[in-house]
Structure formats: C-alpha cells, structure tokens
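You will see two complexes here that share subunit A, one where it goes with subunit B and one where it goes with subunit C.
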Partner chain A sequence: MMPRAEMVHWWFATGFLIIGLLLVSEAVVGTEVWGRRPWRRYLWPGTCFLLGVLMWPVMTFFTNSTIHMAAHGAWAQVLMLAGGVELARARGKLHSQYWRLCSSLALLVSGGALLVHEQQHWLFARSAFLHHALGWTLIVGAVFPLLHAFRPRSFVAATGFATTFLVTAVLLYCDRDTAQIFGYISRNAGYPHR
Partner chain B sequence: MSAELVTELKAGEREAPRALSLRVRFVRGLGPLVVLAGIVWAVVQPYRITLLHPHGQGFWWLLAEPPIYVVLVGLLFRFVVAPGLAEDLEE
Partner chain C sequence: MRRAVLVSAALAAVAFPSSAFAHAALLHESPAYREELSSAPRNITLRFDQQVDALPNAIVVLDPRGVNLALRAHAIDRGLVAPLRRLPRGPYTVRWKALSSDGHVVSGVYTFGVRVPAAIVTDAVGAEGPTTSEHIVRWVYLVGLALFVGGLGFQLLVLRGAAPTRRFYLIAGAGAVVVLETGIVAFLLRAEDALQLPFRAFLYGDLSSIAGGTRFGQAFIAMELGFSLAFAFLFLAWLTDRVALLWPALAIGAGFASGLSLSGHSSVSRAEEVADWAHLLAAALWVGGLVQLAVVVWPLLPELRRTAFRRFSRLATVCVAVLLAAGTYLSIERLPHLRDLWQTGYGQVLIVKLALVALALAWGAAHQFLVLPRLERGGAGNGLARSLLGESAVAMSVLLAAAVLVDSKPPPRQLPQPTTAAHRR
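Right after this comes the complex of A and B.
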C-alpha cells in the first residue's frame, strides 16, 4: 500500500521548511556566529543531502511515467550534489566560494525538471499549477546562490536563497492531487477530493 | 573632537546593541512564529488533520498531518537550534 503522491510532497515540504528556517537564521546572525558551534554548520547541508537520498525511493516507487521518473532522479542527484558540496565546505574539504554554484545548478536543474515534466497548462488542476509555480520559483531562486558565489557577504543573496526554500515548502504543502486552483479545474483532471 | 562627530559616534554605539537585540529576538521568535502558522493553518483547514476524525482513515492518512508537521518543525527550531544561536549572538 503506497502513500498518495501529495503526502510525499508534504513530507518533502517539511524538509524544505527545515532547510529554509536554518538558512534564514544563518543569514540573519551571520556566517561567523552560525559556525561557532561546528554541528550547526552541517545542519542544512545534511538535511539537503538526506532529502536527495530519500528522493531515490520516490523515483523508484512512483513510476507513473518515464519523464516523471527521470525528473525525480534528477532531483535526487542535484539535492545530493548541493548537500554533499556544502557538507564538504562545512568540513573544510572544499574552500572555494565558487562551489556555491552547485546550489545554483541544483535549483536550475530542479526548476527545469519541474517545468518539463508537467504536461498540462497552469489552470488544469492544482498539481499542474504548483508544478509551474515551483518550477519558476526554483529557476528565479537559482539567481541567489549565483550571487552568493560572487558576493559571499551579500545579505540579499543569503535571505533570497532561504526564501526560495520557504516558498517551495509552502507550495509543496498546498499540493493535492486532484483539486481546484483559484476555483478552476479541467473536466479532464478527474474528481476533486479533499 | 567636534560635538557633531561625538553625537554620531554615540549613535553608532547605540545602534550596534539594538541591531543585536533585534537579531536575538528574531532567532528566539522564529520558532514560535512557525508554530503559530501551523496552529492558524489547523484552525483554518481542520480537515487536514485526520487525527481529529480518525474513523475510517488508513495508515498514510493518519501519518500525513501537514499542520502538525509545521508545528513540530517550529518546536524543533525553538528548542534545538534557537537557544544556542541566541546565546552565541549575545556573547
């Protein structure tokens, strides 16, 4: 017996909410204060890496279509890449600030995969709307780690990156498989529920 | 030293503790704010908490309680991350 797709989205939303809160606090207190306790440096990269690992079973078991499966595989890889690189930076194995570009790449690939694997238009049903909204949120959000790589002390870049995760969490929590969006739902979408 | 410069320096000295205090408040307030958001969500959409009406619900529906997840994340942040962070800020 498998959980419904929207439930998996809510679980991942919780992971993104945790990352967003950690990143926003790091942005507010500053990297120096944040890094004063070594365990804190591993929190958000560790959560990101864990989400990437947990995305593999989602890819394996939710196989409604090939492109769906490929998209989940791409998310698993880029989440693990971004998390792994930031873990290495926290550990001191990687030093260059330009490794932050991996986070930008991860958001860009994730956003692209969301847009490519959604075959319906924005107002087809709530899940279609959310795929489009999430895709564009992540693509716009990719600007912030890019900016952060070149301006490591930028408050805008740090808070923008954190906000991307918080917005992603809210959008994922809004997900329901077959539900109206702003009062609309396509006749072809099926019966709305809960 | 001119009176104007002294006034500016004193204003700068006052600004630093104020900004610090705001940051400490933010760190301490973030968790409770998230908890409040979860509670408001639960009140607005009580049907998203299947534990309130568990009869006939399957295992996954009873496990998936998004507003409770939000409350738990807020509590986790408040009691695990915020105390040490606020302490480090105040030092």
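Right after this comes the complex of A and C.
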C-alpha cells in the first residue's frame, strides 16, 4: 500500500523541521556550547543523511512522472552528500571548513530541481506557488552555508541556514489537499484515497 | 497596498486547496494493464486522481502493425474515454496523454490482449528494444558493481584483519555511486524506448507501468533501494572505522547483484536466475579484486603483497570455477542447438565473450603458475601491477560483452509437444 503523496511530504517536512530546530538551537547557544556534548554535533547531519536514505524509496515508488523521479533522485543524493560531509566534519574525518560548500551545493541543486520541475508561473495553482516558493527558498538559502564556509562564526549564516530548513518544512506542510486535519476538502482535490 | 495584495494572494495560494504537488496520476484503466480479455472491448477508459482534459490523440490503441483503432477521446469526470473500432484477436498497445489541472501534460503506455496474452510494456508497439546507449550504460553498471562488490569482497575475504585504506573506500564508494546512477539512467532509457515520446513530453511521462509492471522496473526498484542502503553502510564503516559494517554492505551488494538477471530478456526459470546471479557475483568478485590488488595493495601496502596475492589466487580460482560452471549451464539452457552459437546474434556475442574470457583466464593462469611461485621464493614482482591492470582491462571487456548479452534475446526455445488429450480439446 502506497502512502498518499502529501503524507510523504509531511514526513519529510517533519524531518526538515527537526533539522531546522537543531540548527536554531546551535545558532542560539553557539557552536562551542553546542559541541560540549559530542553527540549533539551528529544530530542534524545524521538526520539529513537519514532523510537522504529515506528519499530513495520515494524516488523508486513515486514514478508517475519522469521529472518527479529525477528530482527525488537528486534530493536523495544531495541530502546524503550534505549530511555525510557534515557527519565526517563532526567526526574529524574532514577538516577543511570549505567542505561546508557541499551544503550550499545541495541547496542549490535541490532548489534548481524544484524550479526546473515547475513550468507554470507562481500563481497558476497552489502547487505551482509552492514549487516556486520552495525552489527560491532553497536557492537563497544556499547563500548561508557559503557564507558560513568563509565566516564560520557568523550568526547570520547560522540562523539563515536554520531558517531555510524551517521555511522548507512549513512549505512542505502546506501540501495538504486531502488533509482532513485542516477541516476542509476541496471537490477538486481528488479521490479520498489519494 | 500593492504589496499587501501580493502577500494576500500568496497566502491564499498556500491556504486554499487546489491541486497537490503531484500532477495527474492514472489510478485505473480499463481494460487493465496486461489484461487478457475474452472479447473485444468497446471503449478504453482511464481514471485519474484529478480532473483532466483530452488532447488530440489523447488515447491511441495500436495493433501489432501500428494501426490506431481508437476513435476520438473525450474527457469525463476525472478521466478519459475513447470508443474503439472492433478489435480482432491480438495484442494491443495503449498510448495515452492527458492535460492535468496544473497545466502539465502527463503521458503513459500500457498493453492488453484480446484472446492472447499481452506483451510486457517494454515490448509495446513502437518500442525498438535495447540500443547502443543501453549497452554502454549496462557495461558501466557492471564495472561499478565489480568495483563495489569486488572491492568489499577483497577487503573482507583477502585482506582480512588489515585496516581498509582511504583508497579502498574511494574505489568502492565510486562503484556504489556508479551503480546507483547507471541504474537510474538504464531505467529511464528503457522507459523512453517504451513511451516513445519527445524529450519534453517524456519528462511528464507516467513510468509507473514500467516501474511496477515489468521485471526491469522491479529490478530497478530493488537495486536502487539495496545499493543505497549498501552505500550507507560503506559510508558509516568509513566514518566510524568499524570494518564490521562492511559485512552488511557486502551482503546487500552481493544479494542485489542479481538485478540484471531479473531485468534481462534472457532469464526464464528460477534455476537460470540463480545461475545468472552466481555468474555475475563471481565475475564482480574477480574483477573488483583484481582492481584492488593492482591499485590499492601494490602501491600502498607493499608488506601485504605476497599474502594478498596468494589469498586472491585462491579466491579467483573459486570465482573462475563458479563462472565457468554457471556460464556453461546458462549457455546450454539458452542455446538449444550448437549451431545457434554461430547462427544467432546471441550466440555470436557469446563467442566474443568466450574468447575474451579465455584471454583473461590465460592471463590469470600465468599469474597463478608463473608469478606466484616467484613471489613465494621472495621475488619482487616487478611490473606485476601493470600486468594486473592489463588482466583487469580484459576482464572489464568481458563485462562489456556480458552487457550486450544481457540485452540480447536468445533463440526461441522449442515448445513442448502438446499431449494427445490436449490436442483433442
């Protein structure tokens, strides 16, 4: 049995929300305080890597269009890349701060995949709006890890990076056509089992 | 004021339901995918998860000659219907396209049969079968498989106890990435051939009938899931310096090495699938081990050269024995007559492959019987790294022949004679 598409989006939204909250916490207390308990350093990269692994089933089972499949495949890979690199930095396997550029690349690729995937203008439909909003959020968000690579102590870079994940989570939660939790189902929303 | 209007419009776009992220998806079709009907249907009906509009030639029903037997399609509530001319007995291909409510054209293909079994969707009318690009992609896939599975096998079975080097992780990791990427490309190439759509339309083509309804699609799903997990284990082994995590990576990689057996034209029985899997796994262990020996052990671990060479010779002997046994069995099964070997395309590719295998075996035998005794006597083994690379190159060319062979169709088997009783019926 396949879960509904919006249900899967919510699961991933929850993952991004967790990452965003962890990054906000780190930004608020500072990297030194955050790193006093070593396991904390693995939390957001580990979640990111896990989300990448979990994106592979989405890629293989949601094949109702080629572009969806390719986009989900790209997200799976960049999530694993960004999470893996940050895990390796936390573990001390990679030392250069410029490895942070992988997160920037991951956000750029993710945003690009969303924008290429959407061919309609912003207000054509809610889905089009969400695609554009998500795509540009991720592309603008790519600036923050870039800044962080060159200015590791920047508070703006740290909070901006965290906010990118929080906004992404909120936008993913907005995919909710048949969500009874919101109390209203459009007649255009499709069959209830979707 | 203008800003407020824009912000309100944006919030409204998010707040009010219209269509979800996904474009229109086909939920149900009648006749169903690969259904064998006892009588000709009057209509083709497609049901989607949202309202769709009919485009010109929205539903095309092709007989084996490529003649369209569908009349003009029209939209119904969340669906499309096309009346049909009278369909005689035979297999049919349905090609459809629909304009979904978000403005994207979604397309797809499926098959059914009237009083005959339906073809699989990758053999639909219009599909041309495997191309040179597919052969190359499959070869790259096999090389990646060898680097990943063979590399892991070498590390765990030959270099047991020695700490894995960074170069080992790079080679094995690159192999896993290649397997994942080429798996996606191979699937898309096969889907493109089945759908027969221009590139832009292919981007919105419905691949679900290929992913879920063909052996190739099922193999794709299994392989992608398996190798992504195996790659995660490999990464965690590197990250945590725990060699034990390489074992699940090897087990998963070896288990899913049979993806090609599942997807190829040639696999028929369960025994053949097992033989194909063993054949492929033995080849991967052999070729990947050779690469590790030449690229990792020789330049980086000189103190382990002799031990590694001796142990790998043993492993390679087992691999070659399995290769030959499984290969002989598969050849006998797939080529009913000896003359098929030179009279059919499948047989001719097999001859080329056998010639390359013979060359690789002769090279390996030279290493086994000439170089190994010299190393045992304390020789330096100068130039052996290059020789090992040469053997690897020949083995990889064997994989190229194997890639073409997997995509080729063996000659048809003679069907068993019907019994008298069945004949009477």
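Throughout what follows, the second predicted complex is superposed on the first by the 176 of 194 C-alpha atoms of A that agree within 3 Å, B and C clash if a C-alpha of one lies under 4 Å from a C-alpha of the other, contacts with A are read in each partner's own complex, and residues count from 1 in each chain.
Here is the rule we use: a residue touches a chain if its C-beta (ideal position, glycine included) is under 8 Å from a C-beta of that chain, and two chains touch if they have at least 3 such contacts.
Model, not experiment: these values are computed from the prediction.
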Inset, instruction - For A:156, decide between first (touching subunit B), second (touching subunit C), both and neither. - result: neither
Inset, instruction - Using the touch definition from the top, say if A:87 reaches subunit B (first), subunit C (second), both or neither. - result: second
Inset, instruction - Return first, second, both or neither, reflecting whether A:60 touches subunit B, subunit C, both chains, or no partner chain. - result: second
Legend entry - subunit B or subunit C, by number of subunit A residues touched: C
Inset, instruction - For A:69, select first, second, both or neither according to whether it touches subunit B, subunit C, the two together, or no partner. - result: second
Inset, instruction - Have a look at where A:24 lands relative to subunit B and subunit C in the superposition and call it first, second, both or neither. - result: first
Inset, instruction - Take the contacts of subunit A with subunit B and those with subunit C, and give the residues found in both. - result: 194
Inset, instruction - Please name which positions on subunit C make contact with subunit A in the complex. - result: 9-10, 13-14, 16-23, 25-27, 49-51, 78, 101-104, 106, 180, 184, 188, 191, 202-208, 210-212, 217, 220-221, 224-225, 228-229, 231-232, 235, 238-240
Legend entry - Residues on subunit A engaged by subunit B in the complex (per definition of touch): 1, 3-4, 7, 10-11, 13-14, 17-18, 21-22, 24-25, 28-29, 33-34, 36-37, 40, 43, 173, 194
Inset, instruction - Provide the residue numbers of subunit B that touch subunit A in the complex, in ascending order. - result: 23, 26-27, 30, 34, 47-48, 58-61, 63-64, 66, 69-70, 73, 76-77, 81-82, 84-85, 88-89
Inset, instruction - Would you mind writing out the residues of subunit A in touch with subunit C in their complex? - result: 5-6, 9, 49, 53, 56-57, 59-70, 73, 76-77, 80, 84, 87-88, 91, 93, 119-120, 122-131, 133, 171, 174-178, 184-186, 188-191, 194
